[in-house]
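Same chain, two partners: subunit A is paired with subunit B first, then with subunit C.
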Partner chain A sequence: MRMTWYEMKKALLSPIVLVLILSCIGLNTFQIISQSHAKDEINLVNELIDIYGLTITADSLSQLNQDLDDEAASLGGTDGARDYLTNMTYETYNELSADDRQLVDRLSTLSMYESLGTSLEERYTSVNMDELRKDLYTGLDKNSSFSNYMEQEFSEWEKRYEEIIATNEYKQWFFAGDYRIHSEMYRTLLKNIAVQSVLIVALMTALIANYEVDQRTQQVLYPTKKGRSLMKHKFSASLVLASLTFFILVTAAFGLYFIVYDFSGVWNSVVSSGLNWEYKLPYITWWELTIWQYFLLAVGIEWIVVVIVSILTFTISFYVKNSYFTWIICMALLIGLFLYPALFNAFPFLKFLATLNLTLLLLNPHMYFSGGTTLTMVQYFELWSLLIWAVIAIIVSLTSYQRFLKKDVS
Partner chain B sequence: MRLFWFELKKIFSWKLILLLGIVNFLLFYLLLDSRLEYFPNGRPAKDLYAIEKQLIPLYGAQINEEEYQDIKRLYEERVRVADKIFASDPEAKELGISNYQDFRQIELNQGELADYSSNLKFYEVKDILWELQAWESLIEGYESREESLEGDIAQTTGARQEVFQRLLENETYSFYSDVVTMDFKNYKTNLAIIVWISVAILLSLVYVRDTRAKLVPLQYTSKEGRATYKVKWWAGMTAATVLSVALTLFYMALYWTNGTQTHFGLPLSSFGWFTHWYDMTFLQYIVLSIGMIFFFSLLLSGLSLAISTMAPNTIVLIGVQIPVIFIMIAGVSRYLIHDMINVFRPQVLTPVATGVFLIATVLTVWLVWRREMKRNII
Partner chain C sequence: MLTIRNIGKTYGSFTALKEMNVQFENGIYGLLAPNGAGKTTLINMLVTLIRPTSGEILYDGKSIHAMGERYRELIGYLPQHFGYYKHYSPRKYLRYIAALKGMKKSGVEKRIDEVLELVALSDVKDKKMRKFSGGMIQRVGIAQAILADPQILILDEPTAGLDPKERARFRHMLSDLARNRIVLISTHIVSDIESIANEIVMIRDQTLLYKGDIATICQSLQGHIFETTMSFDEFPSFRKDYLTLEEKQEQGRMIVRFYTEQPPKADWSSVVPELEDVFLVKYASESMKG
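Now for the complex of A and B:
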């Protein structure tokens, strides 16, 4: 334990690592703050959930409609909220007092939710699954077993879509899709954190693993009895540091994020909510996942990815005894993983296997657990990718450690 | 001089060459390959490009009224081809479409008709429909040439407005699309990123190698030894120059295969969408862009050598290079390369930012150099 701590200290007390972590936190803070101009409007959904409950029902919608009309009446609109808002011109808006203007803003946001809620069923049930099936990736051969597999996946997903409709799972309030909350949270913030972690973690792992070579102490250390097993401590130190870095970045960024955006009412809503509809399709997830479950799972997956990257870096440094080359090769490896599925364009099944990879998992936290027509959207994609790469990482690291134990000191 | 060659050979060690090869291979496929393979990307970009290749040799940059009538005749010929297709299509007859004009009037929210229209366009791949759409966008652009400039003038102020006003006064209208110029802007930005990353990888080790070998105290005690610092510096800059030139030539040769040479002689003002502070031909713009990329490549080399001198080990080296490369990619490549003379960036941005970058680099290099010449060794 003490040895592990000493090894950790080598990276932790290196000022450059601290500076890098701090600049990443600064960058993420800037990212959040610069996007937050509409936060009061966005946070209003909590109030909505407070009063009308999390699920969207006909009763609560008509209640909401009634309340909005009352509010419009108190502002001087006689023909209901919608009419009042459509007749609101820029000039009349500017003539209002500041308090009234706030009320009108509130009214217009709530009325947007009201119309979203009212049209939700029609909009959600109109997703054309047959049209989507045309985009399904089946590779070249229409009758191969792989193409059958993709067809089957798609049918499963279609069933899931029907289940969401049947159980009214999608009828839950969430931030309106126009605010792009899901994308900002995962595609921007969590992905950035994961990429930043990978950059720093590869650096720290290379530092710790190559420390003896860089300091030219390996010829003194490795001939001793205890010397080579020091690698075990170095290894656990790297993993602990990888986790630490990742969670420091996550805590700093999402701590601020949840202060800026109020999630208190939304945590128990679901990712498959019909309001969480940002682009062409809503997020039709394979399972019913609440917002907090999805958040924890996404953070968990990215954490494991970062740890696997650390293990791979450690393995590379067994062979490349130079932290400069180790770091660059590690980054090249990750870019290579991103590119190599394209090699197998002619072999759909191989392409599918190649798609189950670490970099794609790292870069797409917003698509986790979502079904769709591409290769990365099959069920259990995340699980299989993690399993395959964890096994690869463990096998290569163990074999190279065995090799290292017997190697000449040089 | 012999020392210089030795140092140069040391910089281009086979390991680094191999690493640079791998990195360039990956970055090429990540950033450039798709711009070569899928150029022009999508529709109607592809059709616009084909039409431009046909028109530019005939009419050149500026289109006068007579030439415009010619172009319209060319368009109408193509319309007649489409008319024939509709006339002989039984499905079209059923839906009451007898010629291209009818087809154009289809409202896209009319169930059956919309299905028919999108079917033709996306599934049956009727090239002629896309081609006509491209023709129309060029013709409509020409018809509204004055209004669009007047609109720009109304929306802008100051020097920016003067640029648009000058265009209007000189009757310099853009007839062609920005398919080619936009593609080149994206291509050169990615090219810059690859060249810079390669240069940074090449030069970062120059001095750190000696620091790590604990060679510096030995070297610096003799006059000759301390002078090696300068020799290494010049060798490093030479190596960076060789690498940048070689990579730029290689990737520009690949760009050449896109076959956009027809557009080279035209002024930037003849391509639509984006206006530029200065008017020059596309070829001049390409040369200027490459010059800028090379200039920043040299600045980054100086900076990398300075970092390499100061860094006590490779970890600090990489740790400092990460933010430097980040600034190069997110800042310099975006604003100073991609949007170099774009009218929607402040006119002074590129010269001032480049100047600041130059001064900061020269200052850093000078300070580091002076420090090395006078440094105490204990």
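Now for the complex of A and C:
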């Protein structure tokens, strides 16, 4: 552990690393604060859950409707909340006192949820699976075994959709889709953190692994008792720092995020909630996942991706004897992984294999565990991508280490 | 005992060392050879930085590569270009190296103080090394080499950058250290080793030329080293005919020390051969090539 700590300090004391970590924390903080103008409105869903429970039922909707009408009456509305809000004009609104305006805003938001809840069943059950199935066949040879596989995946997903409907899993309160909370959490914040982590971690790993080459100390250190096995400590130091960096960024960003946005009521809601409908389709997940389960899994997956990137960077540094070139090559590799599935557009199966890659996993945390018609939305996509790349990273790193042990150093 | 058995090293078609056989027991060995003779290649093999293409190196009958860290813990090594962390102090750097050498944490601080005292760096042990002169850095290098009290001490050009006083101190230190260990010093500076080395190892044409004590090797030139005095005008033609080893001016004439296998002439006086003469004579062909 003493040696690992020595190696960790080499990267930790590098000014560029500290500046990058602090800059990323600052950037994420700015991003969260700058998007938080509607936080009071967004946080209102917790009150809804407190009073009416997490599950949307006919009774709770009816009670909500009644309560909203009462609130409208207390504000002077005589024909219920809906009519009160419909008749509310800009001029009337501005004539109200500040307190009353707040009450109207609250009523408007709760009324929107009531409306979403009421129309939820009709909207959710109207997803046209047959239409979606047609998208599946774009570019696929219908008679190929891969086509059969995709067909089977789609059928499984369709069953899952029917299960969500049958069990009323989708009837749980969550932030309304228009607020894009899921996207902001994962597509923006977690993805940014993961990308920032990869940039910093690749640099730190390259700095640690190539430190002796950069400082020309190999000839002093490798003939010592520890010798070249120092690389094992450098490797552990890189992995510890990769994890530390990632979790520092996650803790700083999501710590603030959960202070700004109150998730206390929604943690036990599900990602497949019908309210979590931001774009063309709701998030129809392969399994029933609560918000906290999804959050932990998404963070866990991104963490493993960052660790694998660190292992790959370490491996590259066995061959490239310069920290900054190592970093550039690692970034080129990740960008290459993003681009290279496009080379196989004419070969769907090869394209599918190519999509099982780290970069796509890194950049799409908002789509984890969700089914659909694209190649990345098959069941266990995340697991396969991680397994394949973990195995690749372990094999190449071990092979490179063995080679390094026998290599001439002069 | 460290045994080099028939080792060779090639890089593609280039031969860096070939069929080298030599044994080292406790004592100080001076490794003398001109640049490119294979000196650093040999040292790099002894400290496991490179592997021989053929042959093997044994310590007490066991292959040093098979011994792994059990062998490396016996070594103290100062490379020709000593690398260090500029933003570390000598104490901090030695602490790190002590950890790499597997030294027990409890005794490290005391030992660091001892070795820094030995190399006269106690006053600056907590100063960052980026401000150090070349000589001070070299002394840090010597300190790290002797830090773990090694059984085999290998020093590649250890006196580079040291002033005469520091060189003298270094020689005294080595004399004390050499009693119960193998000390191998590679150098160009003959005076650094001739007073302290028990034996000299000379490499020529990528293989062992000579290994033996200084007196014997010097004896091999007995009757072939002379001194003579001549005018400045005579000197250029004399230099063409003889291998001159030392030239100095005195009272308007040249005093020349030279090597020849010819019978002595009347105005030549035979002198006792020194190690420097041996070095210059044995590598005369290399210097002519150069």
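One rule holds for everything that comes next: the second predicted complex is superposed on the first by the 403 of 410 C-alpha atoms of A that agree within 3 Å, B and C clash if a C-alpha of one lies under 4 Å from a C-alpha of the other, contacts with A are read in each partner's own complex, and residues count from 1 in each chain.
The criterion applied here is as follows: a contact is a pair of C-beta atoms (placed from the backbone, for glycine too) under 8 Å apart; a residue touches a chain by one contact, two chains touch by 3 or more.
What you see is a predicted model; the values in this text were computed from it and never measured.
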item: Subunit C versus subunit B on the shared subunit A, clash or fit after superposition; value: fit
item: Which superposed partner A:Y6 touches (first subunit B, second subunit C, both, neither); value: second
item: Vertex subunit A, arms to subunit B and subunit C (CA centres, degrees, nearest 10); value: 80
item: Which superposed partner A:W277 touches (first subunit B, second subunit C, both, neither); value: neither
item: First, second, both or neither for A:T217, with subunit B first and subunit C second; value: second
item: Partner chain(s) touched by A:V19 [first = subunit B, second = subunit C, both, neither]; value: first
item: Which of subunit B and subunit C A:L203 touches, first, second, both or neither; value: first
item: Partner chain in contact with A:K406 - subunit B first, subunit C second, else both or neither; value: second
item: Distance of closest approach, subunit C and subunit B, by C-alpha atoms in Å; value: 7
item: Subunit B/subunit C common contact set on subunit A; value: 216
item: Residue numbers on subunit A that touch subunit B, as the complex places them; value: 14, 16-17, 19-20, 23, 199, 203, 206-207, 214, 216, 322-325, 327-329, 332, 335-336, 338-339, 342
item: In the complex, subunit B residues that touch subunit A; value: 15, 19, 22-23, 26-27, 29-30, 201, 204-205, 208, 212, 214, 313-320, 322-323
item: Contact set on subunit C toward subunit A in their complex; value: 40, 44, 47-51, 68-69, 72-73, 75, 77, 79, 81-87, 96-97, 99-102, 105, 141, 144, 148
item: Subunit C-facing residues of subunit A, complex; value: 2-3, 6, 13, 212, 215-227, 229-230, 406, 408-410
